[in-house]
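Below are two complexes that have chain A in common, paired first with chain B and then with chain C.
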Partner chain A sequence: MTPEWIFGLAGVLVAAAPLVIAVVGETLSERAGVVNLSLNGAMLLAAMVGFAAAVQTGSLELGFLAATMIGALMALVVAFASLTLRQSQVAVGLVLALLGRDLAYFLGSPFMNIPGPRVGPLPIPVLKDLPILGPLLFQQTPTVYISVLVVVAAWIWMFRTRPGLVLRCVGERPSAAFGRGVPVTRVRYGYAVLGGALVGFAGAAYILDFKGGWQGPISGMDGIGWIVLAITIFGGWHPVRGAFGVLLFALLQWLSLVVQPSLPGIPPQVFYVVPFPLMIFALLLTNLGNAEWVQMALSRLPESRRRLAFRILHSLRVSPPAGLGMAFKEE
Partner chain B sequence: MRCKEALLPHIRSSRWIEFGIQSLSVLMALLFTTLVLVMAGAPPLEAYRQMLEGAFGSLKRMTDVLATWAPLIMVTSGLLLTFTAGLWNVGVEGQIMLGAIAATGVIRALQETGLPPFVILILAMVAGMAGGAAWAGLVGLLKIYTGIHEIFGGLGLNFLATTLILWLIFGPWKRPGIASMSGTEPFPEHLWLPVLPGLRLSPWTLILALSSIVVVYVLLMNTHFGLRLKAIGKNIRAAHRLGVPTSRYMFLALLGCGAIAGLVGALQVTATYHRLIHAISSGYGYMGLLVGMLANYRVLWSVLVAFFFAALNIGGIQLMVTLRLDSTLSGVMQGALVLFVLLAQGSQARWKPTLIPESRDDA
Partner chain C sequence: MRVEMRHIYKSFGPVRALQDVSLTVEAGTIHGLLGENGAGKTTLMKILSGYLRPDRGEILLNGEPVRFASPADGLRYGIGMLHQDPLDFPTMSVLDNFMMGCENGFWLDRQRARRALQELARLFGFDLDPEARVDRMTVGERQQLELLRLLRQGIRVLILDEPTTGISAPQRAQLFDTLRRLAREGKTVIFVTHKLEEIEELCHRVTVLRQGRLAGEAAPPYSPRRLIEMMFGRSLSKPERRPALPGEPVLQIQNLIAGDYRLRLGRVNLTVRSGEIIGLAGMEGSGQHLLMRVCAGLIRPWEGCICVRGRDLTGKPYCAFLDAGVLFVPANRLEEGLISGLTLTEHFQLVYPTGGYLINWERARAEAQRRIQEFNIRGEPETMVEALSGGNQQRAMLALIRKPVHLLLLEHPTRGLDVESSMWIWQQLKEQAQQGAALMVISSDLQELLEYCDRIIVFFGGQVSEPMNAEELTTDQLAQMIAGYGWRG
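Moving on to the complex of A and B:
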């Protein structure tokens, strides 16, 4: 018999999968130098459109396709406004984040709380019968497998191929890349749109797989996009580290729901926002190593402990691509 | 600069091009919203008519627009302080909520003491300002001491503030017997901020709104403080090198914005809802951000834009009643407007050289 907690952990993977895909998408976009702050609105709108399309056509594939296109379209607007029109990426992203959310709630209101198709589990032959690992990893929904594939593919692409090198260079030293004949703006457009497509896919995965239905403002989705942006930073713009960040995050959230019954004094609403203090805390950890007063405090510690503290902070420290959010003029 | 505009006619003609592009962006926004309405299966013209009617159909409705305009322009003028310092104070929503919580706390603590009502109300306002400023101060501390961007610090604190309200409503401040989303027990009527007879508009809110516009305008236009904030917003490194204590000024801008936002929270509690509810901020924080962006961060333009946004909001309520459309449509219109104006401004800057011969040396 499989112990109960295995199913809990398997659920953590299902909850994490959409976020993993979105984090990889945003990582690709930001590595090329485009911050897509519209994520929260893009994921909500993509999720709603994906659900509506799946309900109307009866086809999950078309739902995912529609959501992916919405995500790509939102990213295209951000890229056009910032790369071609040179507007602030923050301003455009923020407006789209708000607009996307309101559009999702407005257009989605007829689709609230109605039954729709849902992604089912896809057990993998042979492997699914493994003890513990089978129920944990190989009786999952396709979204979970796709999220793993996306992470591995992004890692290989970014760090083991020549186009990946170009991608990193465009975000890090756009002028050097341009001098070598790389069409910087076109590359940035490409990765921003690809990243947005992944974000849209993730939005659909959240509703069509993890949640199983659109519930409007109470879908529990509002805020997810911001968390994805924070984890992208926490993951140091690295797809694998970002994926582990999401897993850690989903695990802590699950644990908070597990301990909830033993703490009857605290109303359940409190547990649903656990992710947000966690988000601030995660960013705190990645930034502490850079702060002057922390360095000062560390220098007062005894030698042995100082080294340890320094090493921990150093391993958590991240630095953004140097050209992130910067305008680049090709001339 | 000004005399050059008078001397060179083609720069004046660029004013017309600017005006044309701005009107085009408004048309595009209208077109976009019409498309959204068609997709939702609603008659667009009828919807617009209903919105107009809902906002300006009677004197009472017009005062309702003013009652929405007042808190909105207050939040926006607070945000202009942080915008000027180059900060994206997205946490303003939570700062409103903390103001509401602090004001509610003061009223709950003092309502049975027999103090004169106006003393209690003033204390509640002061507490609201302190609460909002404290929440904004947290954003500032996180930014200055640990380098967490104010957008993430602010959003995280927004969600925390929502939780705090839910916890209070369902926990320590729950109504006796019936803890529910309907909020805390309403205050006794003598602790409501007086409103004009038969209307929802409080003269005190209007006075506070007008004074916050004046205060922010004077601060930004006529003081060293404002000048230094502008220097930080334009180029933080240059300001730092010229001896402006950048961290302290950003912190002060956040405190100022938080205090005004907290005051709005206190007004929401004392003048509008008379208790603490879950949606106490009415989304004024996010709306204020949009107003500031659309007004291009200028105080006087914000006054007009805030009025327009308030009218959209009140008109949107009418849509819900008559056409059964979700009232988020006004949010869609506001967002679309800001988006298309941003795009228009960008196109103007991008394609200007092809429209007008280059003659500026101060670019």
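Moving on to the complex of A and C:
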């Protein structure tokens, strides 16, 4: 008999999967130097279109494909405005974020609360029968497996391949990358669109798998895009750290729901809100080494331990790609 | 490879950066390119390496005309450039930096790249840790890394743009040995500088630029007077040395300990008197910048105390230091000293407001014009500070010194400046000292420190020497201490 908390944790993984995919997408885009602030709107619009396409065609695959293309298209608009027209990424992204959301609610109203296809679980033979690990990891839906694959693939791509090295360099210092023969603008276009495609896919995963249907404004999706943007930063623009950030967030949300019944005196709204300040607190912890008082306190330690403490704090610290959001002109 | 540039023209908007400049460099030689700031040296070299396209003129390599659309094209023909600020990726590791641009294929072969790096480093006697982050290294080390990377990319022509600004004396000697060796092996080396002594020491031939035009060529033995005339169109005379008459103590540091991630600055005891100029020497990152920032009130010391004119300012905020007449002029002019996107008039308004809440722009403009003339800045009141040349930015920073100033702290005030601008800057500093300010100056140019400072402190890995009388020191002694020789304990 499987204990109930295992199902709870398995649910955390399901809830986390779309966010993980979106975080990886945004990480790739920002590593190349393009901030896609339209993410919230793009995810909503992609989810709605994906659901509509799946309902109309009866094919989940076509639904995901349509959503992916919508995400890529939104990112392409941001990329075109910033890289070719040299407009502010922030301004264009914010406007698109609002546009995407309203468009999703408006165009999606005929599809609200109607039954549609939903991604079913795909147990993995043999592994699914493992105790604890089986129900936790190997009786999940394909999107959960895909989210893990996306994280691993992104990590290998970024840190083990030559194009990945180029990606990190383009976001860090485009002028230096250009000096070494990298077509900076083309690379930025490529990763912005790829990142957008993943965001679109994530939107479809949220509706077609996790939620199981489009419910318009009450889908509970609005705002997720902003959290994805925050977790991208929290994860230090690193796919694995980002994925752990998402898991932490999903875990906190689940815990707050688990704890809620045992604390009846506290209004339920508190439990919805609590994960957010906790995330900010976690962010603070990772950047503790910056604070002057911490350095002062550590200076009292003996030499060897002081170095170790500094090293740990320093390795936790993250800094954004230096070329993030910066326009780059060749010549 | 023989390099020829013929009748090159280049304009940026209305500014004519280069007019009819020709340059011929023979294979296997070190060719100097000499000129004051803004003479067009860097522009010419950026054209040769493919970063910029000339408006007119042609480039020939071994007699074949070539055209570069990007630096990648330049690299393909074997032309590599070391930029004044190393054009690398500061937050990434040495190995990543080394691999970027060199590697072929899809997968990164770290093992192979590491071996190649270590082999090349051994060949040239460089000590580089492949795992270290580049922003923790000195400018000299970053230069060495860039050099090795370019060599691995198979360059035959090496361009170095002001490579000795910001590196220590031993690193400079090592760099020069390397360049001589590369020339012996048949590579073509073009050495851009504004320092005469480097031309004399290193170059087989020199081309001089003045205000975007060819001013002349020379071969050894060089006549410094002749070169200076070519650079400036006239000769310069150095100011005479006047003994300082130190007055009241301005800055007193007792038992000070400070530090950051990298370094712990050992116990410092120091008194600086009014009218005195103290020079701070040491390799980049030996603690001199840390002490400077502690004195400026930007970093709080871990232990010990700082008094300015008898007032204990330990642990007080930066504005208390400002009120006490402490002024800090940082090395990164555009990052810390000036505000990009603001005009000269706006800068002067920040420091010397005319009127109350409303700015009278007419008066402000007139005031700015007056200061621009007084400080000999080449610019207009409406000029954005980032559009000024390095020398003029430095002049603007001096023009922004708030009066009265009692303690003036300067980091590399003449970094990247030509002889004329440097002399002008030092003259201004001397004047400040004569008016009663105490000065502390960081510089990597030992000659300059010995010439203009009264006392010199040497830093080595966080250790701080006693102040030494500059007149009794030689460059060699100083260079040895910087490299870590002759320290007690």
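To be clear about the criterion, the second predicted complex is superposed on the first by the 279 of 331 C-alpha atoms of A that agree within 3 Å, B and C clash if a C-alpha of one lies under 4 Å from a C-alpha of the other, contacts with A are read in each partner's own complex, and residues count from 1 in each chain.
Rule of thumb we're sticking to: contacts are C-beta pairs under 8 Å (C-beta built on N, C-alpha and C of every residue); 3 or more make two chains touch, one makes a residue touch a chain.
A quick note: this is a predicted structure, and the numbers were derived from the prediction, not measured.
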Contacts of A:V152 with chain B and chain C, given as first, second, both or neither: neither
First (chain B), second (chain C), both or neither touched by A:Q295: second
Which superposed partner A:A81 touches (first chain B, second chain C, both, neither): first
A:V95 touches, of chain B and chain C: first, second, both or neither? first
Touched partner set for A:L247, first chain B, second chain C, both or neither: neither
Which superposed partner A:L257 touches (first chain B, second chain C, both, neither): neither
Which of chain B and chain C A:A176 touches, first, second, both or neither: second
Partner chain in contact with A:S319 - chain B first, chain C second, else both or neither: second
Broader residue contact with chain A after superposition on the shared chain, chain B or chain C: B
Which of chain B and chain C A:L9 touches, first, second, both or neither: neither
Interfacial residue positions of chain B with respect to chain A in the complex: 36, 39-40, 88, 90, 142, 145-148, 151-153, 155-157, 159-160, 162-163, 166-167, 170-171, 286, 289-290, 293, 325-326, 328-329, 331-332, 335-336, 338-339, 342-343, 345-347, 349-350
For the chain A and chain B complex, residues of the former touching the latter: 37, 77, 80-81, 84-87, 90-92, 94-96, 98-99, 101-103, 105-107, 109-110, 223, 226, 229-230, 233, 266-267, 269-270, 272-273, 276-277, 279-280, 283-284, 287-288, 290-291, 293
Partner chain C, residues of chain A touching it in the complex: 160-166, 168-169, 172-173, 175-182, 292, 295-296, 299, 303, 310, 314, 319, 322, 330-331
Residue ranges of chain C touching chain A (in the complex, touch as defined): 51-53, 70-72, 75, 81, 83, 87-92, 96, 99-101, 103-108, 259-261, 264, 300, 302
